[in-house]
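First the structure, in the form of structure tokens, and then the observations on it.
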Amino acid sequence: MVSELATRIGAELLGQGADIEIDEVCALDEASAAGISFVSARKYLPALRATRAAAVILTPELAAEAPCACLVVDNPTLAFARVVELLHPRRPPPAGWHPSAVVAASAQIHPSASIGALCVIEEGVVIEAGVEIGPHCVIQRDSLIGEQTRLVAAVTVCARSLIGKRVLLHPGAVIGREGFGFARDGERWIRIPQIGRVRLGDDVEVGSNSAVDRGAIGETVIGDGVKIDNLIQIGHNVEVGENTAMAACSGISGSTRIGKNCTIAGAVGVAGHLEIADDVHFTGMAMVTRSFEQAGAYSSGIPAMPSADWRRSVARFRHLDEMARRLRRLEEQVTELQDAQPRSSPERWRENSDKTA
Amino acid sequence: MVSELATRIGAELLGQGADIEIDEVCALDEASAAGISFVSARKYLPALRATRAAAVILTPELAAEAPCACLVVDNPTLAFARVVELLHPRRPPPAGWHPSAVVAASAQIHPSASIGALCVIEEGVVIEAGVEIGPHCVIQRDSLIGEQTRLVAAVTVCARSLIGKRVLLHPGAVIGREGFGFARDGERWIRIPQIGRVRLGDDVEVGSNSAVDRGAIGETVIGDGVKIDNLIQIGHNVEVGENTAMAACSGISGSTRIGKNCTIAGAVGVAGHLEIADDVHFTGMAMVTRSFEQAGAYSSGIPAMPSADWRRSVARFRHLDEMARRLRRLEEQVTELQDAQPRSSPERWRENSDKTA
Amino acid sequence: MVSELATRIGAELLGQGADIEIDEVCALDEASAAGISFVSARKYLPALRATRAAAVILTPELAAEAPCACLVVDNPTLAFARVVELLHPRRPPPAGWHPSAVVAASAQIHPSASIGALCVIEEGVVIEAGVEIGPHCVIQRDSLIGEQTRLVAAVTVCARSLIGKRVLLHPGAVIGREGFGFARDGERWIRIPQIGRVRLGDDVEVGSNSAVDRGAIGETVIGDGVKIDNLIQIGHNVEVGENTAMAACSGISGSTRIGKNCTIAGAVGVAGHLEIADDVHFTGMAMVTRSFEQAGAYSSGIPAMPSADWRRSVARFRHLDEMARRLRRLEEQVTELQDAQPRSSPERWRENSDKTA
């Protein structure tokens, strides 16, 4: 019932329909007679006015606009996250090991943990209470998986990795690979054995087919609450501060340190050995080649334009330096021409007084 | 025999050698006495004239140039695709389950389907006729795999995904992961449970280590005939129209809608919540930050140039706005100088009449 | 002991402490009383002077600066790589097959090879001496794995791949996938069966979640000593020359040939059908749209800057061509103004003599 839900998430209930049964969340533009949706910004006002959901979670200033029951809160997105959990609870797998899992004798697995079909748990691994390891995961030797952490499926955790509590690792994620470190021997590359490890903090998330390499020596450290999307590369000895979020297809090169509460949009590339301050925001496809010591938003790249226009601009870009020199020369020539003008010109007088001002 | 092959693909046979035995396809520059190749464009004319293949598939206007048997068709690339299938048929695996597969009791698997070694098929999964699941695949609960679809190996299909008919999923593909959706709670990110699903149409292909996230609510929809290369990210609630093709390393952010028959070249980044029309073509590494409502080709990025030149152009790029302002000021100054010139100058007269024209 | 280590790597021993026991490598800024570190460049001089390591590997000209035992060599990074191997030897797994592995009857596996838990080795595969196949790998039919090669875990090697000796394949790597080749049939894409294969040379490395596609016809060839980082795409029929190294998130499109000893930094995109000479170096995020026939360093992209500045520069970039035209027009106007100036002006004389010079 709407009223119960309001109580459970601490929302004020406004409008009609307090006794409607709610059994699912829905999109604002979906017709669901038992559905609840949410509005996070004014730009959704037209959709809100037209909604056929039974109830909507929103902020006080939008409540008057809703044609249905309103659950009024300060942070509708957060309240909605809780409602989804309440209405669509995940079925956790049963505790215990699937008989097809290959578990080393020396692995210590808490009895409340669940180990899925065809997993491989190697020697010396420790798996704490409430952990869920989905099917087809590999946990290599001497790794630690903290309480309540969940590996969805097909995750590889390499040797000696330390995974925090309530971590979520998605299919195809590879944690703790030996990173990209070589010495030159003439023209050949000789691998420098990578003997460090990865430390993931609590509440970290790593997306599908992302890779976090172990330290060359020492650790690669992903701070508490860091969220890493799909297809992201984190090089050896990178450190990422708490609650920083990174969108898909980005890469952070080795030994770079990223601060807390940063947001890194999609397909950003960050060079190695840099320092990025707290609260830095890189927009999509930014090319980060130097350290940024100040909080703020940084961007790069050229947004897409019609290919014919782009070709013309690119051709000019190659000659920007020459253009700048020609501009400077013209400025000198024009000044010279101005100086050569007859003294009687009133424009001339004005200009001179500008100059001496 | 060349003549048989011509009949089977509906080609007109020209030139010598109708009775040569053909047993393989080959590259145009490969010497293969029993090989057949193809020419798709005039730029390969030199290679065609020098070819030592036994037969070549080509268009009528190139037939006179070939030193061997010609199979003349309108679309040589398409005809060649059929010839490869005829000469190099794939051996399908036998129907039935490998004994090492872990198959849930409630899964419904058509007797003609093949389930490879060490696969995991969870509760409620439906696998239709003629499906091939290669080794090491995971199909999570309540997913549907349509007729004749093939999962090559090591594919992960997450819960409740709907996979069409004749779909091809390559090793490492992850379909239906819970996407990247969070609410802020102060500085912390709280996951919004992603309760939607993925729907792949018929004849879709998803490459190695690509990821298609499920809808947050509702569906992520990949239309019939869409071809997705390796290492591609498709965010939650994205919709991709029929027959659109995307090359490797591209990413489409959440809730963006891409039209039909688009081509997206490699390493393109598309921001979220955009609308891309049908028949739009993005060139490689394009940075798509706004909607495109018109069919056409769009580009961005700066092609590589010698690093020294690049550094100079980049330094000027940072001051482009200042350069533009200086240019505007110069224009004003020059106009002023022109206006101050003696009236008797013939150039001056011409210029004034230009202005009033 | 320091002195023993010096002997084993052929270093000259300078300074105090020849008899200290060394049992680990450490970072220069780590306090390790039994640790050895290294210095590869003068920029680490402050860290060297402050180090609390027991010994340091360095070049002759830095030896006087070290507060500890010095192992003097020409190439400290290379010497360090050897020391790491000596002090931190990897424990190789035992020879033989894990009982959970699924091995085809016709596979030929050398008795000294190790096959990990839950691997799948298909028909006709040949595995040579000393090979280590970690858990959860799939080797599809008729592939060859050369001596001493190591697949860490969860690697997929597709049919008919040829893998050299001492190759290292990281978790999630996919070798030999059927590449992205289609013919158009009206609006539909028809797959061209990819019947070629992949050939990896000796001492090649392929990182996590990278993909090397097989040839369409013929081979994709990765030369001896090539190092490929994580999340890299190599298209069909690409050839990469010996000892070329590629950093994470890069992509090479089909049929491109890259020379020897190239370095390709992170997130570089290389278009298809190009020729890249030996000793070419692309900096991070370079967009390579044409062949480069000369050795050298090439770059592209716009480094990140404050978003507000970036927006202004980008707006001007769209009008670069117009700016260049306006600049040209101004130059003409200024020349005209100069020509119209009285003959008596000394500046005028000087300028004219410049022109005729």
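So that you can tell them apart, the chains are marked A, B and C in the order they are listed, and the count of residues begins at 1 in each.
Quick note on the criterion: a residue touches a chain if its C-beta (ideal position, glycine included) is under 8 Å from a C-beta of that chain, and two chains touch if they have at least 3 such contacts.
Every value quoted in this text rests on a predicted model; they were computed, and no experiment measured them.
K.L.:
Once the Cα atoms of chain A and chain C are superposed, what angle does the rotation have, between 0 and 180 degrees and to the nearest 5?
P.N.:
120
K.L.:
Quick check on chain B against chain C: do more than half of the interface residue numbers occur in both copies, making it same, or fewer, making it different?
P.N.:
different
K.L.:
For chain B versus chain C, what separation do you get between their C-alpha means, in angstrom?
P.N.:
25
K.L.:
Could you say which residues in chain B touch two or more other chains, in rising order?
P.N.:
Residues 118, 136, 154, 172, 209, 231, 249, 267, 301-303, 305, 317, 319-320, 323, 327, 330, 334, 337 of chain B touch two or more partner chains.
K.L.:
Residues of chain B touching chain A in their complex?
P.N.:
These residues of chain B touch chain A: 102, 118, 120, 122, 136, 138, 140, 154, 156, 158, 172, 174, 177-178, 180, 182-185, 187-193, 195, 209-211, 213, 217-218, 231, 233, 235, 249, 251, 253, 267, 269, 271, 282-283, 286-290, 292, 296-303, 305, 309, 312-313, 315-317, 319-320, 323, 326-327, 330, 333-334, 336-337, 340.
K.L.:
How about chain C: which of its residues touch chain A in the complex?
P.N.:
25-27, 30, 75, 77-78, 80-81, 84-85, 88, 90, 98, 100, 116-118, 134-136, 152-154, 168, 170-172, 203, 205, 207-209, 225, 227, 229-231, 242-243, 245, 247-249, 260-261, 266-267, 284-285, 301-308, 310-311, 314, 317-321, 323-324, 327, 330-331, 334, 337-338, 341, 345, 347-348
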